[in-house]
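Each of the next two complexes has chain A plus one more chain, namely chain B in the first and chain C in the second.
And then the complex of A and B:
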């Protein structure tokens, strides 16, 4: 069979008269189909979660946060003592943990400084063979002084007790107080930040959507409120409402919503002129639906990121206020009040500062790393780069 | 000839060299002794160098170093004895009625620049101190403290009262160039007069400098705000002052009792954090540090630790005028709380001394240093610390009070200072113990001390301003009469903590300060004991513990007293010595 070339305008009758019914489509290849995707299609949030899970630091931070939150819930009840139970005869006990004490860690030992060497044999002063060793022998105004390392639990006569993180100046268990304090700090931070987000979103959305004079006035109000120092605001709230969680949460809200409002406003300024918004407006969609249904969902990513970053700020602020004496009403502990109390005796009983300091540091770092991870994951410009 | 000249020249050179050598063999002059410098840390910045103008609670650490006064406490044989300083002898009762006193000024009294101090100097000082336009911060106590100066208060308050008072009508007169006369409203004695004029606010003002520092309208002054705006007549001159950082003093060689001043220089470093202060002491950077109660644990048997008493007890005050919480006015309820506190345990945790009385250690009944507390405790009218903790009796009284008031449960709010460690400990201790003992729900309202006290004092305007509160009275140094500490529980005292108004207390107090007994210390002791007994018997308040202070002094610092002084550490440093 030879290939022939026909002029389409002058086809021979045997070809030009072939009935249409005898024609059929013939594909070039065996079959025709769209090209297959090499990867599974993912939505925005699924993609964000995928990218978040690839961020090792954020994952570790998340695990730590979960662990800390778990301890804040369960920790206080793990100790046989309540956070408020006083053992006034066992004040400033050093940490002691079953098992660990056998390997010389958290074994309840403590060094009593500047003790008269002559008195070491006095069993009324050093009962129950509590002396482990002594060192740093020196003479001060004719008295020979030494530093005496003792088993403090034997020294005060409570060898059967275990205070895992020691006790404070009223003999309260630090383990129970630390986790109770963490819980309180987290509750304050979450409550304050959630309220900030709600107020900030509504306020920022209204300002950004309507714009113009209203926006100008609303933003100047923000500027005015933002000009008040936090310490002054907290002091005023504590004076008015008394010390406690309510005053602290309210004090944190007063200024806390402003960054959220500004961020939401900028998002609305960006989206309100888009075609789909104008189309919806043309079709008579009410303003409330436009704001909350059509524009606000674009800001979910930044809102989540902002929330995660605001939480450690709130924890830090609460701790700072508690540290300077404007914290919660006793006996409720928070990390700040524990640090404040611990700092007074830092040189004598460093464990009272060490554990709360470690907790707040880990909490802050974890929240920040997780917040950074979320920010990267929810950033649309990063989509598809992994 | 040339050889002769050369020989002569050589001999001259040899002789001159020999002469030089001979000089070298002379005994070298003894090196000047090392200046005695005392460096220590203080915890707050001062507001002003003049005690007349200073407003800070700890400004005395600065002002008392430089204030020269007519009278004051001087170290005599290890004790602080009220003595003439710029005055020449004790005040003289002119008419024998105890109301008009002549004070002679010593001819050796001089300012630090060498200019003499005369009666005119003091007349100018008094006039400026009471100036109705300036209304300086300390004017109130200068008018009326140990004695009340005639017409002084009326003079300085004339602008607000609208009643003009001439300076000539105020109880200060110049008798001659070196004598002033003081008229007081009530009969008094020489020791009270001396205490009145021992106040640093009465330190003489150097007229040319004070005038220079006055504003154009003479309603404000910059006097005392910098070393160059101060002229002193006291033990030291302020030579360098960086506010909030350092204060340096040098011995005032023109001070009338310069013979008692052993130090050449004093350096006060302002360090806010107590741990840093202790560390600086440990490193040898300072020669004294105060010790927090908690830090004491690190100095168990250290002989360098010194202890000195505070003035009054920590106590719980009741707002008996509260309109809704009427149980506060119930005596059984208050007594229940009195007997509910284990003071020994509480005081041990706070580092103070447990106490059951209202009057603290720092009340003397004679010049030998016998304290009121020693005499009163020996009299045995107060329950001992052990007796004052009786949970069974407390529970019984509490139940009775609740029944009387028709209550089944009770929630009370305790006001305390968030910036005072003892307040925190006391409040949390009581919260737990009262819950256990009475099932009393104690809510702690914790806020900065100044605000807390303002709320407590506001009971006159708002009868419900507080329910119960932790309070601590602190009086000015030098006032040791036990009866004067009780004025705060009478209606004579405007700034009192609670309504009070108990007839028995009013009567006894007024008897003590009446002309008949104003100068009778034995009667004062007797009446003070009566009042204290009444207050404890009726649980007008709940005393908890007597405040103690602790400090640590370097080995080479020799204080004018043997490790314990009613005067506190600041006074001791003025007269301290340093072992070379």
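And then the complex of A and C:
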């Protein structure tokens, strides 16, 4: 084989005039030496989904999240009572559920403390055979006192009613309020985080893409805003704009977009100088298309991860504000307001705190687990670091 | 380095100035005057009080006076309702020790426990101690500190009567310490988990590094190599998360203090919000902002000291 280079336009005669009979078809090889793909090619998302579905904790968390979101949507209408319907004569009812009451849990029983033993037979005090049992018999100054366990629904005379999770201090159905509150908390969190992502992506993209002095100024602004403590911003916002959902969402956005913006900026710094971006630029692709079509899709994984991690933070912040007295204005419930109201009567009526506390804990754990799973699935290099 | 420090300090001063300005205008924007709902106050007295607080002057003048008061005379405004007339600065000053004590104790407890758990998890990576610890970590990071506080208050304190229900501010030292156990515990679960998770990641990375192999090759036992090389190197980066963690604990302590009635800044903020004593609220928030800005500054500067590659402008480059 010679390595001579021929000029195609005027080939030497010994090459240009080869008769056709001297050409020979190369027989197809019996087997191709290249290994053939035996599996179907998988795209980025298919691959990520596959990894996610292998992560048991993340799948369980996902199922729980879907269940909680489902309950937040339909839960309030499952109860016959609305979240704002007050039964002023049936306040602080204990939980009672059909079916479950027969096996002794959530059966509407409540222990009345320090009752005189003699009065137990008095049907004007304890109507409808409501007494289940009494315990802790003791003598105080000549009277025998006991703790009486009663069926509270018979005791107050509403045996036909079932408040699944009991009622609060105004006799409102806790079941309806809990799921309505979950819905409100989720709406606040989702709205705040989605706005964060949109603002953060645009801001970070501009800073990272154009770079230079603009980037410097934009990042200094981020630094300044980032120094405001979240508690301070939320408190000021709610003091000034009143305690509505909108004020809460706005307050959460003030600082919330900064981590996204920083992350997007660093992604842009990484991809800005890549050859494919330069090629697109050379071919006259406008800036906007370069930013959103060519560079941004690289960051879709981190964006999704960041969103999932920000949601529990927003839910936490909302409850936190409710605890320091800046929750949503009544009658609208949120998990935070339910908790802070339940806290006031924790010793007497723990069930009012128990169910919201369980809900927020499960919600936070599920979001965190699912967020971790998503991060591992979208960016396998990060796996196992924590 | 000098220029870097100056830049960082300048930025933080600017942040603080913006927070103070926002706080000032927010105070004026809050609907209703400070004495609107006070029927006992004669109109003349009201006018006199308002004049004393400069509320009758035009807004820009008020603003200048407000800034001047804070900078020159340490005058953060006087309390309106909680303890009328007393300087907000003085009220805050007497609340600081309780909050600081709570937070520092929580930090002192979380660090060794977090380091212990993190080391265990890293050494037994992918075995049952690691699995158990990672479940606990997720639990402690996810569940908010006020839920822990509620749980602790209900079971150990109320049902089992092991601890006092509320903070004991007047009793002797032993009683006071005993009443601090629950709030400190409630505050510590999160930080323990944070330290543990961070240290585990660092340690796992270090354990697989080449100098660990070298340490083993030159004849150190595994325990020796871990104690002398891996552990030390993994603990240095912990400095980066301890200071921000302190701000986080402070945030959580706002609620935990209220639940256990600890007479600290948190209770003060909640009380002042509920009584609409806005000057105290703002002063407390400014105090809180000051601490938080200082923390960020310390973190930024120590980053620069620990790793000179991280300097202003270079942050975020990967």
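Worth pointing out:
One rule holds for everything that comes next: the second predicted complex is superposed on the first by the 340 of 386 C-alpha atoms of A that agree within 3 Å, B and C clash if a C-alpha of one lies under 4 Å from a C-alpha of the other, contacts with A are read in each partner's own complex, and residues count from 1 in each chain.
Everything that follows uses one rule, which is that contacts are C-beta pairs under 8 Å (C-beta built on N, C-alpha and C of every residue); 3 or more make two chains touch, one makes a residue touch a chain.
All of these numbers come straight from a predicted model, not from anything done at the bench.
Superposition model on chain A: chain B and chain C are shown in a clashing arrangement. When the two complexes are overlaid on their common chain A, residue A:240 makes contact with chain C while staying clear of chain B. Look at A:347: by the touch rule set out above, it reaches both chain B and chain C. By the touch criterion stated above, A:357 is placed in contact with chain C alone, chain B being left untouched.
Within the superposed three-chain model, A:113 lies in touch with chain B and out of touch with chain C [touch as defined at top].
Once the two complexes are overlaid on the shared chain, A:330 sits against chain B while remaining clear of chain C.
Once chain A of one complex is fitted onto chain A of the other, the partner contacts of A:339 are limited to chain C, with no touch recorded for chain B. Contacts of A:266 after superposition on the shared chain: chain C is touched, whereas chain B is not. In the superposition on the C-alpha atoms of chain A, the part of chain A touched by chain B in one complex and by chain C in the other spans residues 235, 239, 325-326, 343, 346-347.
Taken together, the chain C residues at the contact with chain A in this complex read 11-12, 14-16, 18-19, 22-23, 26, 29-30, 137-139, 141-144, 146-147, 150-151, 153-154, 158, 197-198, 200-201, 204-205, 247, 251, 254-255, 258-259, 266, 269-270, 273-274, 278, 281, 285, 288-289, 292-293, 296, 313, 315-318.
By the touch criterion stated above, chain B contacts chain A in their complex at residues 274-275, 278-279, 292, 294-295, 297-304, 345-346, 349, 418-419, 421, 424-425, 427-429, 431-433, 443-448, 451, 555.
Contact residues on chain A toward chain B in their complex (touch as defined above): 84-86, 88-89, 91-92, 112-116, 119, 140-143, 145, 169-170, 235, 238-239, 242-243, 325-327, 329-331, 341, 343-349. Those residues of chain A lying in contact with chain C across their complex are 216, 219-220, 223-232, 235-236, 239-240, 262, 265-266, 269-270, 312, 316, 319-320, 323-326, 339, 343, 346-347, 350, 353, 357, 360-361, 364-365, 367-369, 372, 384-386.
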